[in-house]
Every structure is written in C-alpha cells, then in structure tokens.
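What follows is a short report on a single structure.
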Amino acid sequence: MKTKSTINCMHFLRGIALATTFTVLFGGSTGAQNDSKPLLVCGVAKTQEQEPVKEKSEATIGLSYFKKADGSKIAVALIKAKNEQRKFAPAKNARVGFYAGQGKEQKLLQSLTTDMKGEATLTLSNNLPLEEDHSFTIVARIENDPLYQDAEEKIHLKDVDLKLLLNSDDTARRATVFVTETDKDGKPVPVKGVELKFYVQRMFGTMPGGDGYTLSTNEKGEASFSYPKKLAGDATGLITVVVKMEDNDQFGNAVAETPVKWGTVLAVDKNPFPRALWEPSAPMPLVLTICILFGGVWSIYAYIFVQLRKIKTEKINA
Amino acid sequence: MQEDNKKENKNDRRDFLKKGLLGGSVLAAGAIGLNRVFAGEKVKVVSPDGKVYEASADNLKEFHPKPVTNDEARKGIAGKKFVMVIDESKCDGCKKCTEACQAMHFTESDREWMKVFTMKDSDATAPYFFPKPCFHCDNPPCTKVCPVNATFKRQDGIVLIDNERCIGCRMCMAACPYSTRFFNWSHPDPKQTAAIGDAPYSPESSYPRRMGTVEKCDFCPDMLRQGKMPACVSSCPMDAIYFGDQNEDAVTNASGVTVKLGQLLEDNAGYRHMEELGTEPRVYYLPPKNRKYPIPDVKNAEKGKKSKKMPGMDNGAMQM
Amino acid sequence: MTNDNFDLKKEIAILEEDCLRPTRTFGRSTQIWVGALLVVIGWGLYCFIHQLSHGLGVTAMRDYVSWGLYISTFVFFIGISHSGTLVSAILRITKQEWRRPITRSAELLTFVSLCFGGIQPIIDLGRPDRIANLVIFGRLQSPLIWDIISICTYFAGSTVFLFLPMIPDMALCRDRLTVVDSRFKRFKKWLYTFMAIGWTGTKSQWHRLEKTMNIMTIVIIPVAVSVHTVVSYIFAMTLRPGWDSTVFGPYFVAGALYSGSACVILGMAAFRKLYHLEKYITPRHFDLIGRVVLALTLIYAYLNLNEYWIPAYKMATAEGHLLSDLFYGSYSKVFWTCQFGTVLLPILIMSFPKGRKIGPLVVTCIIIAAGAWVKRYLIVVPTLLHPFMPIQEVPAAWSSYFPNYVEFSVTAACLAGIFLVITLFSKIFPMMAVWEVAEGIELDHDKKVAIEIREERVITDETELARIATLKNGQVTPTASLNETL
C-alpha cells in the first residue's frame, strides 16, 4: 500500500521552515516571475532548470496524513517519477491536486506544486467533510501535468486522539499515552493494539527513548514507557517527551508531546571565550612575556633617543 | 507603510526562528511546499508570524533571510556543541554530499569543502571512502595562528571565517593539517555571483565570497539556526553522515534517524582522524567494518584524478 | 713627533677624500645602472598592480602550495639582514679591529634587506588593503604578529645602529661637501645638517655616542636572533611534516648568519672595486671574514644534519613521504645540489687559505647566497606539497608549483630595490665609517698620537684604559701587533 509511505516527521518540519522564510509583499512589485528565475529558499537560491522532457514520465504518489501535537493536521504527498535511469526518484515541480471526500462528493481542497524533495504539503482545515464513522478521505492527484503522467493516491483514515500523561515520580519517569477515537455518537472510545513509539525530542529529530521504545496499547487504549535516567537535558534539565503513532492503517500519523524536567542538567560554560591560544584574547603569560621582552627593548630605544636629543642640544652648551 | 511592514515581518521572523526552531520543539505553523510559481496565480504563503495568506504570485518576492549580526555570528548558538559522525562503512563515495555543499555555498567546482577521499592506509589493508569536511577542532591550529581574528572558534564548536576581515595571509591554510581551507585566488565566478544575487554577507553563510580571502566548510550555521542540518548531512543517500548536538548526546542522519551519540561511537568503535595531532576534531568516524558497498577501486580513484600524478608520490597518493 | 703628526693628518685627509669622493659623482655607468634597476622595478610594480587587481591567482600559487616564492624570499631577505648585526655588533663586542672598514656596508645591508624582506609578506597578502586590520584586530597569539613586532623592533634598532656611527661622518660631510661642487647641493646640505644632529665633536658628544653605541651593540644581537627565530615559528608552529621541528629556530638563525655574512663579503668586494677602497679593505679582511663565514657554514651544516638526519632515521609516515621526495624524489637534484654544492663545497673551499683569497671567496659567497635562497624555497614548498591528507582529484595546477613570471618579476623588483637603495645610499653617504677607520689608522699609525687623541675622549672601558696605559709605557700589546699588519 502506497499510503504507507515512509515520510518521516522530519520532512514536514523542513517544509514548514521552508515556507516560513517567504515574505509576502501585498501590492508589491508586479513584475511577473518566469520559471528560470532563481528563487531563494532559506538562503539557498536554486535555479530551476527545466530539463527538456519529450514524454511525460511515469509518476507515483505517496500520501501521508499527520496529526500534530497541537491538533493541526497536514497531508503530505510525495511524488516520485521515473528518471533517465528509469528509476523512481523524487519529482520536483509536479502539480498535485488535493481532494476531500469520495465519489461525487469529492471537492478540491487545493492544488500545490512539489518542492525539491518531491513533496507537497497541505494544511488541512478542521471542517474537513467527515463520514458517518468520523472517517475521512483525502485524494492526491496529478492531472494534466506537463511533465508527469496522471496518477492518483487515496487515503481513508479516522481521526484519533493521543493523550500523554507523565508520571512526575522521579524514580519511575513513566510516560503513559491514552489513545481514543470518536465513535458514531461522538464519544471517545479507547483503541486497542495501536503501535506507539516513545521518543525524546532532539535538535534535528526525535531520538528513541530507550530499549523497547515501541509499545502497543492495551484494552484501555493505554501504553506506558519508562524513560531512562540518563538523558541529556538542557541547562534546566528539560527534555521534550514525544510519542508518535507512525503510519497506522486506521489513523495515519499522530504525535503527542510534553516538556518535562527529566533530563540531566547541562553544565553551561560560564565563560565560553576564555583566554586561550585559539580564542580572541591571548593567555596572560604570553601577553606578559611579549610585553616585557619587547617593552624592554623599546624602552632602551627610548633611552637612546633621549641621548641623541642630548647630543643635539649640547652643541649650544659647548 | 510597505517598508515598515517588511521590516516588521523580518524582525518577527527572526524571533520566530529563535523561539520556534532553536528550541528544537515541533513547530505549530502550517506549511506549504512551494517551488514553482505561475504568474498571476494565487498561492498560499505562510507569513513570519505564522498566518496563512493568499497572495498573487506576482507579489511574491525573493527573500534573503537577514543574517545574524557579525557579533552574533562570532558567538555562535549558546548551549550547543555541534558534532558530526561519518560512517565509513556506509559511504559509497557517491559525492552527493560534495555536490550539495557546492550548491549550498555557491562554490566553484574545484572547491570541495566536503571532499571524499579514497584512502588506503597500507598495502595489505582495504581501501575505503573518507568524506572529509572541516573538523572544527576544539584545539584549532588555524584560529591560533590567525593574526586578525578573522577565523574564530564559536561557543557551539564551529570554526568560521569572517571574509570581510581576513587579510589573506594564508597562515591558517599552512597551519591546518587537514588541507581543509581554500583561498579565493581570483575574482569570484560571475555565474556564482549572479546566483547569489544581492544576499548580504555573513560569516554564517560564507557568501558572497571575497577575493583574496580564505574559505572552508562552515557546518552550514545559517541552516542550523533554522533547525536544519548541514547540506552534506541531509543529502547523503547512504545515511552515512550524522549530525547533532553533543550536549544533547544525539546525532541525526539524512533519513531523520536520531541515535545516541555515545552509543553510536561505542557500538561502532568510533574514532577521530589523526588523533595524535591533538587538534580535538569535532568530527568522528566509524571504521569501514561490514561495509554496505563494494570495496572502492583505488585505481578508479587514480583514474578520476584531474591532476597529473605527483612525482615521488608512488605510495604517497594513498598516504594517511 | 710633528712630522709623524703631519703624516697622520695627511693620511686621514686622504682617507676622508677616498670615502667622500663617490658621494660627489654620479657618472654615466651609475646612471645606466640606476636606470636599469628602475626598469626592473617598474616592470615588477606593473606586475604587482596586475596581481592586486586580479588577485593572487595570477601567480603560480594554488591551494596546496599557498606560500611560494614570496615567502621564501621573505625568509631569505630577513636572513640577509642578519649580516649587519653579525659583522658590526659581534665584531664590535669582541673588539675586532679589522671590522672598521666593513661595518657601514654590513649595517646598510641589514637595513635595506629588512625593508624589502618586510614587504614580502605584504606583497603575498590576499588583501593588502586590509593591512590596518593587523593593528585594529591584532592577536598576540599569532606567529605573524610576533613577526611584525620583532621585525619592527629589529628595523628600528638596526636603523639606529646604522645611524649612530654615521653622526660624526654626517658632520664631516656637512663641513666638507658644501664647499665642494656637488649635485643636489642644497638637498645634501640640508640632509647632512639634519643627520649630523648638531655634531661638533665635543667630549661629551663623543662620550654619549660611545655609550649609546655600546648599548645598541648589545641590544641588537638578541633582537636579531629573535627576528629569525620568530620567522621560523611561522613554520614551526604548524603541525606540518617538515616544519613541525624544534630545531627550526636555531636552524633559521644559523642559516641567516651563513647567508648574511656571505652577502657582506659580496658587498665588501663590490664597494672595494667600484669605489677604489683597495687600500682600506685588504685581502686580509677577506681572509678574516672568510674564516667567520666558514665557522658559520659549519654551524649551519651541523644544524642541517639535525634537521634531516633525525627524521630520516625514523621515517615517520607523513614526514617520510616528504623526505623521500627530497632525498630521491622530484626535489632530490635541487636538494643535494644545495647540501653538497652550497654547504659542503664552500666549507672545503674556505678551509684552505687560498680559498679565502678575494676571487674564490667572492665566487663561494655567490654560491652560498644563491644556495641559501633556493634552500628557503626547499623549506617552504615541498612541505606544502606533502600534506597529511592525500592530494586527490584536484586541478593539475594545485599539485605542483613553480613560480611564474609575476612572482619572478615582483621578486626581481625587490632585489633591484635593494641594489637601488644601496647604490643611492653610497652616492650620498660615505660607505665606510670615516671616523672609525681614521681611529684605526690613528691607532695603527702612531700609538702615541692615538693615545693623545683618544685621551681627549672619555673612555669608560677599563680594559681599553689598561691597554692604553701599557701603550703609554711603550710596550706593544698583542692586539696592537695584530693591527700592524693592517
């Protein structure tokens, strides 16, 4: 199933950062942009060269759904197309149409273009058309693209809720997650047998919390994991616990996270720039040595200069 | 009015990046992957304050992120100690890292800040690929000898060059035992200059380059400020390069797999290149054990040489 | 007694005339020579401007060999500048009477080669326009800053050291030259008056001059040693094979003295011939300074042994590659020519009295000077071509080095600059310290008269007083007998 594309959480993080670097100037320059103009993305300009493509290349779509910790939802389409080596590679500049609903009720959400990584990311609104069992369908489609053949990918998922509770008991450091879905009556129902992964947030990704970090929920929709004692925290010992449901057949991807002071406290250098040979300011012994040696020589020069002045003035005395 | 708006946006964006990305927390804003824009078309854009606007593509301007101040660039990111781990058992010598680096920094093709060597330590031992960035040493021979503090060590461990201060004495090039530094011998390539456009100079981006000054691998600190990994790391198709914060004891590779740094080095007998020099590199290597690619052909590396063979370098070409 | 006195005065008058004569003429041959030098300098200047506008890329230097001929020349010129200190200061301290006619040219050589050596790193800079950064952002940790400090200190010191013994001569020029027809009469008059700083030759003036001279003689030696030690630190403070050596400081100092003293001999021979100073600079001088050069060459050879034999015995990986390239690789011909032809051969030649005759000695010194220059190149370049990391897949220009026309032209212009400054100096100022040589003649000619003259001055030196006392008693001291041969 292509629905289970292995797009990692990192990908949409990148996408976010990319988009945030654009500035919109309303009513700004009206000069039309042509395709070959370098577009600067996060300080990296990339000239978009359009390779001459004789035939439309065969394309595939991988569609993933993410529910983030704050409840916002996104859909990411990864387009891969056959390249000259006849291998599937991420396809940039592909037009992807995102649709919601099934059959005749299908409605166009938005049409987007893939980025350098072949990804198109859509932020989903909260009033997504839901079916009776609170499930929804998203379809990504390539239609009449000048570069790529038509393709379609559909996901049918249900909304899920992850609730993360942290045991503040210092010895246990247990993180417990309750997974619930909404039933027909709109009541939360625990979900059993959902695979969850327990991570710690790091600068560039989420690190497994420790051995056996993958757990499944029990009948109560509950799974809990004990975090190890030695986890590097920040200057206050803070770490962010992240629990993820990854590529679930029923629910897609979902994340829950909470910061907690479970980490070891980072010892911050009081003076990150001490006097050292490789730092801007020199070690005192070096400064003193140079000053004494060359100061001594120059003071002798000064003495000699005084003597020369005296030779000059003594002419008059003589 | 328009100018004010622009200024405000930039400031906001900076704060946003600082708060949102440096903390390493998951972002709250939505995102739109945007690469190709059609004239007259309406596109959705996320503004610096996280709001989504619909704007005409005509009004969408290229935006150079405002670099941090020179002072800020010299201090570095507080609380971080960046570290790289390169797994020789995974590197198949494809040089995607080199290409990504060159695209990222608009370097000319002969400048390989991230260079993939084919190493063979002795006759009997097997050859292996050895990608080499700047080691960003903790006892850096280069910053020691700089007469004008143009190359400097930051608190996050990164060694950078201020091309607007460098006097071009090339003492740092002589001092670096790893041949990491390059010199801008002539005027920069006009093509690259055009590609860079009107981007402001920053030691963190290392461009626009200045003739008569030294340049080298910078660990992409402008990317790091945005919470993103250096170009070479995220472009490695073999997941051979890990990057992270030593203070967090975690490194991440191109696939986003984040592992414990200490564990990774312990399990794979990690080492640093030429430890005996005492330069304390911030780049670790994992030995080419159980390699995931065929043994590199040393002769191929020779063939690929753009240079004539050095006389008197019979064995030297593959020396340590 | 009076007759003797008359002879002495006549002799000193002849000496003064001999010394001042070149300063009054500017003959056709001098004009051609200066013109030729100016052409070389002009071309070099053009090349330098070309280099400034197009970057150092116009030279043959590339990323591996990032230092080339300029830095080699820098080391060589700074080395030459040690000559003045050696001949002048060391011979003064050891009270070698034969130093008198040669100190001026030696000190001048120091001054000039230091000027042109000092600008080499500036020529080599990628951004000479940012030179003020050295002052604004200077870091005391950098060997280059040590270099600047010690070269400036040495430059100031050697200028003073050159100037001090010139003061009485300037007074002499001021008093004599203005009454004789001369070109640039007004300028010269002003210059001599300015430089004589009101010298009238009073007792206290002589006293102060001797005192300052004694101080400078002592101070200048450690300063000179510091300069070349620090120059070696530019290389020795790195981890590079071939440079990472603890013997580099003394090795460079010895190399500097060896090449510098050879250049002093060349200067002596040139002035002797051109300005007809055969009477004052005699074959005996050449024999004596030849012995000095021999001794220095032996020291240099000894340090060469240390520098190469110790690592060659061990053949550590990276150093081994460098050494095999030097010993039997691409640099072997130049290397062994340097070691045998310009170190061991000069030792052999100068060991024999016949080898220290003017002709052979001058040839030997030319070989030494050229060899020392090439040796600097051999220290700088091969090391850069043997880094720890292998040189792989780089443009062909990066993996080899030979200076191109720009570097040769600029370097030739600097060499021409040295010749030009020396020529012009010798056309304005006497090339021998007149009063010092006169003092020597006085001492030699008639000890008793000399005593009278010297007694007029205040002599602080106890041994000198003792010696004069013995002379007064009519006894001949060993030192005095040695002077008789002069």
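Chains: A, B and C, in written order; residue numbering restarts at 1 for each.
Criterion: a contact is a pair of C-beta atoms (placed from the backbone, for glycine too) under 8 Å apart; a residue touches a chain by one contact, two chains touch by 3 or more.
All values reported here derive from a predicted model rather than from experimental measurement.
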Kindly work out which chain lies most centrally, taking the average of its C-alpha atoms as its position. B
Identify the chain pair with more contacting C-beta pairs: B-C or A-C. B-C
Could you tell me the distance, in whole angstrom, between the mean C-alpha positions of chain A and chain B? 18
Could you please state the distance in Å, as a whole number, between where the Cα atoms of chain B are centred and where those of chain C are centred? 48
Cα centroid separation, chain A vs chain C, in Å, comes to 65
By the touch rule stated above, which residues of chain B touch at least two different other chains? 144, 149
Shared interface positions of chain C, touching two or more other chains: 139, 141
Of all residues in chain A, the ones touching two or more other chains: 277-278, 280
Would you pull the chain A residues touching chain B in the complex into a rising list? 8-35, 37-48, 68-70, 72, 74, 92-93, 110, 112-117, 119-123, 199-208, 231-232, 234-235, 240, 242, 255, 257, 259, 266, 268-269, 272-273, 277-280
Chain C residues touching chain B in their complex are 54-58, 61-64, 66-67, 121, 124-128, 130-131, 133-134, 136-139, 141-145, 148, 234-235, 237-240, 243, 317-318, 321, 324-325, 328-331, 384-396, 398-400
Parts of chain B lying in touch with chain C, wherever the complex brings them together: 110, 115, 117-119, 132, 141, 144-150, 165-171, 173-175, 177-179, 181-187, 210-214, 274, 277, 279, 301, 304-308, 310-313, 315-320
Which residues of chain B touch chain A in the complex? 2, 5-6, 9-10, 13, 16-17, 21, 24-37, 39-40, 44-48, 50, 52-53, 55, 57-65, 75, 78-80, 103-104, 139-140, 143-144, 149, 152-153, 155, 195-197, 199, 205, 222-223, 226-229, 243-245, 247-252, 255-260
Across the complex, what residues on chain A touch chain C? 277-278, 280, 282-283, 286-287, 290, 293-294, 297-298, 300-301, 303-304, 307-308, 310-316, 318
